[in-house]
Structure formats: C-alpha cells, structure tokens
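To keep things simple, chains are lettered A, B, C and D as they appear, and every chain counts its residues starting from 1.
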Amino acid sequence: MIELVDVTKVYPNDVVALKNVNLKIDRGEFVFVVGPSGAGKSTLVRLLYREEVATRGQVIVHGKNVARLRRSSIPLLRRTIGVIFQDFKLLPDRNALDNVAFALEVTEASRREIRRRVPAVLDLVGLKDRARAFPHELSGGEQQRLAIARAIINGPSILVADEPTGNLDPDTSWGIMNLLQTLNRNGATVIMATHAKAIVNAMKKRVVAMDHGRIIRDQVQGVYAHEVN
Amino acid sequence: MIELVDVTKVYPNDVVALKNVNLKIDRGEFVFVVGPSGAGKSTLVRLLYREEVATRGQVIVHGKNVARLRRSSIPLLRRTIGVIFQDFKLLPDRNALDNVAFALEVTEASRREIRRRVPAVLDLVGLKDRARAFPHELSGGEQQRLAIARAIINGPSILVADEPTGNLDPDTSWGIMNLLQTLNRNGATVIMATHAKAIVNAMKKRVVAMDHGRIIRDQVQGVYAHEVN
Amino acid sequence: MKSTSLVFGVKQTARSLRQNALMSLASVLTVALSLLVAGLFGLITANLGHIARLAEQQVEVTVFVHDTLPVEAVRTVESQLKALPGVTQVTFVSKDEALARLKAVFANDKDLLAEVEQQNPLYRSFEVRTARPEQIKPTAEAAGKMTGVVKVNYKQEVIEKLFRVTRAIRVSGLAIMVALALAMVMIISNTIRITVFARRREIAIMKLVGATDGFIRWPFVCEGVFLGVVGAGFTSLALWSSYSWAWSGVQRGMPFIPLLPKQPLLLDLTVLILGAGALIGAIGSALSLRRFLRV
Amino acid sequence: MKSTSLVFGVKQTARSLRQNALMSLASVLTVALSLLVAGLFGLITANLGHIARLAEQQVEVTVFVHDTLPVEAVRTVESQLKALPGVTQVTFVSKDEALARLKAVFANDKDLLAEVEQQNPLYRSFEVRTARPEQIKPTAEAAGKMTGVVKVNYKQEVIEKLFRVTRAIRVSGLAIMVALALAMVMIISNTIRITVFARRREIAIMKLVGATDGFIRWPFVCEGVFLGVVGAGFTSLALWSSYSWAWSGVQRGMPFIPLLPKQPLLLDLTVLILGAGALIGAIGSALSLRRFLRV
C-alpha cells in the first residue's frame, strides 16, 4: 500500500531531512512514527500526500509513484489520505462546520450527504457546541479536534496524523486514540507521528523510530523508546 | 504580583470562558494551570498580558489593573511578560534569528546587546543551526522552541507558557522544563498551561486545575489529576 | 462541474466577500475608479473625434460661375459637380444671397457695404462638400476645369491646419485612451493579485485537502467577476449622470459645441465597461491564482 | 526614537519589500500608473489653460478714427487709449496697412479689391488689447466716447463664445484634474490598505510581543513613502519623456499650437508628483494601520 524506497529529502536550504529511508506499510496497519524534534517525521508523512516531493528515491502509494502523478491526479490522491496537520491548517475564514464540510465539498459530495455527515463527525470529536465558531475563536485543543474531524470526514483509506494530541489533555487524547483505532479496525491504514510516550507505550502497535533523518528502529508492538534509565 | 478578582470573561459570541475566577500568584511562584481542552486556560493567561480584557472583575499585574492601563502603557506591560503562545505566533517573514531579535528590538535594546544575546538564547533552546531558517522551514518542535526563545530573551519577570511542550519529544520537553525552572529560580514568576501529565506530576509545583471556566482545585505541590483509577 | 461545486462556488464567493469585506470594498472602489477614469476619457475622446469630424465636414470648396453663364449651363455645372467622386452636398448661392452673407460679415462696416450694394459685384457660386477632407483638393481641381467656372476657392492653409489638428486630436486621444485603458487594466489586475496574494495560505490549504485547481479557481473567478461588475456598475452610474449633466450644461451654455447625443453612446459605453469589468475580474483572478495553485 | 529603532525601521522596510516583492511591485506599479494618469492630465490641463489664455489675449478692440482727424489728435487718442485701465497694447494701423490686410483676406476676390483700391475707403485705426478679457467691453465703451473716434469694433459674439469655451475648458479641466487626483489618491491608499490588511496578523503579533504603535508604524510609513516615491519616480520619467516627445512633435508638425515650454513645467510637476507620492504613501500607511493597531 505504502512503500518508500531509498528516499532522501533535501530541502532547498540544504537541510537533509531524510536520508535513504526504506519503509513498507501494509494496508490496515497502525504505525507510530517517533523521534526527537526535527528528526524528519513530518517530512516523511508529507511525502505521502505529496506536499513535498522526494529528492531521491521512490514514494509509492496505492501502487503508484507519487512523484510521477499527473498534476490533475494529485487531488485524487489527497482525497484518499486524511491528514491531521501538525499546525492544523484550518481555513481562517470558515467556521468549524464549513471547515469540515470543505473536505467533503471538494469531493463533490451531495449536499444531503454533507448535511448528514458533518455534524456527526463534529459530535464525534466533541465540537458539536462549537460548530459555528471560527478557528480563532477555538481553544488550541478544539482546533486540533477540528483538524481531526476534517481528516476523517471522507472515510480515507490512509489516515496521516502528525502529532494529533499535542494540544489535548490525556482524557481527550485517549478519546481521539480510540477513534483512530476504530477507524483502523474498519480498514484504514493509520500513520501517526507523535511524542506522546504514554500513548505509544500503551497501544502496543508498530513503532518506527527516527533520528536525524534515518529510521533507527522499526518494531512490531513497540514502545516509545528503549529506556536507559 | 498577579491577582484575579472575581473575573468573568464572556467572548463576543456569548461563550463564557471564565466564571468568577479568583487567583493570586506571588512573585517567583511556579504555577501549572491544567484542565481539559476548552476549560479556559488560555483565556486566563491572555488576560494577564491584556490580549483579552475581562468582562467583569479585575486583573491586577504589577499592582495595576490592566484593564485601566493607558493605551501607551500596554506595550510596557507586555515587555515584562514573556509569552509562549499556544500557536507560537511567529512572524512568517523573519528568520529564527530575527524573530527572537524582534522582541529585543521593541525594547530599543542596543545592537550590540542584540547581537550578543540572540544567538545565546537560540543555543539554549537548541536552534543554533537553524538560525537562518524561516518559521515555515522549521519542524513543529523547532517552531515551539523558537517561540520559547523569543519569550525568554527579554529576561521577563513573568513568564507565561501556554502548552510549551505540546510538540516536543520527552527529552526536549525536559530540557525546556529545566530552562523554565532555572528562570524561575532566578526570580521569574512562571505560569504554565499544560496537558503534560508526566511533567506536572514530576515537578511537584503549585497546580491550578480548571474546568468549564472555573478553578476547581488549587494545590501546592500538586499533581495533574486525582486519578480515579 | 457538478451542481454541488456550483452552489459551493457561489456560497464561497459570498463568504469570501463578507469575510474580506474591507478588501472587497477597496477592490470594488479601485475597479470603479479605474473604469471611471477610462470611461470618462472614452467619452471625451469620442466627443473630440465627433467635433473634429464635424469641423472637417464644414470645410468646403466654393465654385464661382461667370455672371454671363446661362441658367442651363449653371445647371450643368451643378450636375457635373454632383457627379464628382466623394461629393456629398452641392448648394447653390445666388448673387443676392452672397450679398446678404457679406452684409452679415461686415455688419459694422456700413461704408463699405453701401458701396458694394449699389452694384453687386459678387458671383453666383456653388458650395461643395465632400465626404472626406482629402477629397477637397481633387474636387477643387476638377471644378476648376469646368466650363463657365470663374474660380475655385478653398482655404488650403486653414484646411491643412484643421486636418493636422483634428488628426492630432484623434491620434493622441486614441493613444491616451489606449494607454489609460491599459493602465487601468493593470491597476485592477494588480489589486486582484494583491488580494489573491493575501490569501495564498488558504489556497495552499485547500489544495492539501484535495481540492482541484478548478474547484479553487471557480469561486475566485466568481469573486473577480462580481467585483468587476459591481465596480463597473458604479462607474456606469457615475458616467451616465455626469455625461447627462455635462451634456445639458453644454446644450444650454454653449450650443455651438456639437456633443454626441447621449444615446446610444452611453448605452454602448455601459455595455463595454460592464464587459471590461467582468472580463478583467475573471481573467485577473484566474491568472493571479496560477502561481499559488502549484502546491 | 532611538537609533536602534531607526536602523530597525530601515532594515524592516527593506525586509518587508523583499519578502513581499510581488505585493511591493504591484503597489509600485499602481502608484506609478495612478500618478501617471493624474500627471498626464495635469499637463494637458495646463496646456489647454495656456492656449485658452493666449486665445483670450488675441481678442482686441478696433478703434477707428475719422479721416479728417489731424495727426496730433490721433496721437492724443492713442495716449488716451493707453491710459485706459487694463490696456496692454495699442497698435496703430494706417490706411495703407488696412488695405493691405483687406487684400490678404479677399485675395481671391480680385474684382472687389480693384474697386476698393481706387479710393481707399478704410479708416485709420488702433488695435487695442487688454490684460483680461472682461476689460474688453469697458475699454470699447470708453474709446467710443473719445473725440475723433468714428466707431469701435469688437466681435462681441465671438468673444463671448470664446470666453464661454475657454471658461468651460478651464473649469472642466480643473474639475477633471481634481477628480482624477482624488481618484488616484484613493486607488493608491486602497492598494496600501490591502497590503496592510494582508499583514494584519503580523501586526497583531508585533503588538503582543510588546511593540508600541509608533514602532510598528514607522517601518510601514517608510515602506509607504518608498513605494510612493519609487512609483512617482517612474511616473516622472514617463511624463518627462512623453511631454518632450509630444512637444517636439507639435513644434515640428503644428507650430501654430502654442504649448507651454518644457521648463519649468516639468520640473514643477516632478516635484509635485514626488511629493504627492511620498505623502500619500506615508499618510495612507499610517491611516490604514490604525484599525489593526488596536490589539
């Protein structure tokens, strides 16, 4: 389903964010990507939905090399991948409802469909009461949950979550984790970059650990880190 | 030093974010503000540097009611308070160095001073190598550390940190916490809104717990939550 | 494009206009002012051209015929003149009429007039007008060769001056109009470019969420057209009323200045301006978007 | 303001211009084009006014004196005329000269001329010019009452037409100029408003970090002045070369049209335009900032 073959990513300012990364993720897996700040986790996931293009190597998603996609096919790729961005990327001039609806509207879903599904998803992340609020009127955690709602509204086959619990209290975090797990059980492949040690350790899922742009550990039923102390 | 007297904050869209909050923080204290997402933590700290003004009640900082400050005095208040914003609020068209330098420039510090202190602070948060990078070229954690650097560059007497470790791995988080503690020992009052349970529990500092706009617990040497399980 | 995205486009346009009210207002104003300037000078140029054309048409050749020429021969001269290429009008001026005109010109010079009146020395003549000013000279030359024609008058120098001036007015008027129109198109598209630039982050987000270029472009183009048309609407109103005002002012105060009638001039101009507004808005938006769609 | 913030202001201006290169370019272009349009019509208005003034000065009163009046009495009339208020020029026209002029006018009308030439019926006259056109009528009346004066001519109707036209040109020229200048000021300040609007979040951040209003305003004002002056610079260049070009074109092709000499006209206009550019830039920035400084 997802395969990275010898991928290197060098940003324009000569920062090497990924060095010869090889990774294979099967359909329906749940993978944590962990590592210190700046290790290259976000860069890795950005390659999947082609926000960035690999400098060398191949990124294969749904059996296709994303670098080779025609310009008009990129939106189609992105619609199959729900992304929870680390910085949320909410549209500032739309309220919560419209921010979520937008992800459905781009797929040309029917209006009935939109009216049915959007409130349901907002309810799922606990934002039913704040549906009319604009992003700047939401608390940090509420914004994060809104970003989550938008990512899952389409029923994506791949869910990319970049630090989805950074602004959430433990209870809400666990709520979100349960949600991701449910989606995963229903067939979605979940790739989650995170620093939430407690969560990683408790979930016992595959863990890919990165440092300085390399994968330094890839462990089934792994933990956040091999503690020295 | 800081006192909130019966403070209520109602946002324009009728959201009651704070209800009759009373809080007193002495000079040199280290206070965690905890609570679920949307509890009112960010709203509480925003009142201190007058990003928001209380709807009812008084907010007293440095012995003065901030709501009554003359327009020209507000910048002076803000310069004594270093703020790590939950959403970083970095200037997108300045590189890391200039983002930090800016906070010094507004105080009309000398250029020598600026040249001396900015790189030192960037080093402190581990961003020496990324000094020339623009915010959008930084990883989430790097942006957060940049926000921290900017907040502390002035040697503020009050340090407000809103979720300063949300995007940081545990190791880096502890590095930052040590930094905050050092600043606190040197006399700064630190107020930190956070969800980082492990940190709160380990630090054994005063904990103010909020929920639905009220302070529900105020505990010296407190913990993140009274666990039921 | 399915109906959802159409509805979405309209909704999105409305939202964007509302959310960016300040920016929208500024843009509409800029569009309106730019078109107003261009339209105003369009009106002025059109009228100067009209006046120049009329002035040129006033120019005539006077063909004097011999006093001894019998009436039939005069008729022949008339029909010969009418047969010349480009001749549009041939008017006969009798001896009496010529005298009457002289009197009018020299109204103050009683002494001179008295003298002339005793024995009218003036010839019968034809005043000949041509379709185009260049035809004056050949017409005069042809008339000069006709039998019975004493002499042919046309104010060569005045005509040439007039031609040069009217040509200069036409050319420079048109040049200024074109330059102005270009300048205004650039100003409007600059304005649109800046507003699009201000929203480049939003555009990037939309693309990352899976929107196609067309899906994003559509509301922007709608918005551009809307801004353009609203601006143009204001412009048309302003032009309509200011031209009407100027027109009646001139009619009353300076009836000798021949202005173009209000219709169809204003109607044409309005259509032109509305079209220009819509087009610049649409194309400006679409072009400005391009570089921000590469996400 | 300490030197740090001055240096900072300049650095910040440079950075902002670089970072927002596209927006800056668009703004400069808009400023340049707007000023160009205003400047162009300034030049045109100035020249039309100049031509109108010259045309008015051409208007004269002709004062005919009796053939029997002795030369000394004619001299007296001359000095009386010169003493009238507003009279700027008094030219004597002898009988011979008058005849010569008549010949020039009626060059083609040999028969008439021959007759007149036998006994010159024309009076000696004075052509009197006045400083201002309103003084024509009183001058004519005063001259009529002088001894030895047969009659006084001035083309009342033509004069009044001329006055009305020149007044209309002046008034409408000025009105268009003022409207244009206003429109252009609005366009420029709109542009600045949009660019400031696009950076409202940055401005809010600056304030939250402890910047004073003045500290934030200063670089924006610098930027506004810079944009204004650069735009005005382009405009001046364009005006300078286009007027020079038009001027020599007219000198060569239509020397009878009296254009204003290039200097000091262009120099004045350049100073005016640079000043206007800088002022609009500065004030526009400062005003546009206001509402975003309330953080």
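Methods note: contacts are C-beta pairs under 8 Å (C-beta built on N, C-alpha and C of every residue); 3 or more make two chains touch, one makes a residue touch a chain.
Treat the numbers as computed from the prediction; the structure is a model and nothing was measured.
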Steps needed, at minimum, to go from chain A to chain D via contacts: 2
Touching chain C and also chain D, the following chains: none
Centroid comparison with chain B (C-alpha atoms), farthest chain: C
Computed distance of Cα centres, chain B from chain A, in Å: 28
Separation of mean Cα positions, chain D and chain B [Å, integer]: 62
Cα-centroid distance, chain B relative to chain C, in whole angstrom: 66
Where chain D touches two or more other chains at once, by residue number: 20
Touch-based graph of the chains, sorted into line, ring, star, complete or other: ring
Touching pairs among all chains present in the structure: A-B, A-C, B-D, C-D
Sites on chain A touched by chain B in the complex: 11, 13, 15, 34-38, 41-42, 86-87, 130, 132-133, 137, 139-145, 162-163, 166-173, 195, 197-198, 224-225
Interfacial residue positions of chain C with respect to chain D in the complex: 20, 22-23, 26-27, 29-30, 33-34, 36-37, 40, 108, 111-112, 115-116, 121-122, 151, 153, 161, 164-165, 168, 172, 176, 180, 183-184, 186-187, 190-191, 193-195, 197-198, 246, 250, 253-254, 256-257
Residue ranges of chain D in contact with chain B within the complex: 2, 4-5, 7-8, 15-16, 19-20, 202, 205-213, 215, 295
Parts of chain B lying in touch with chain D, wherever the complex brings them together: 49, 51, 71-72, 75-76, 78-79, 83, 85, 89-94, 98, 102-103, 105-111, 150, 154
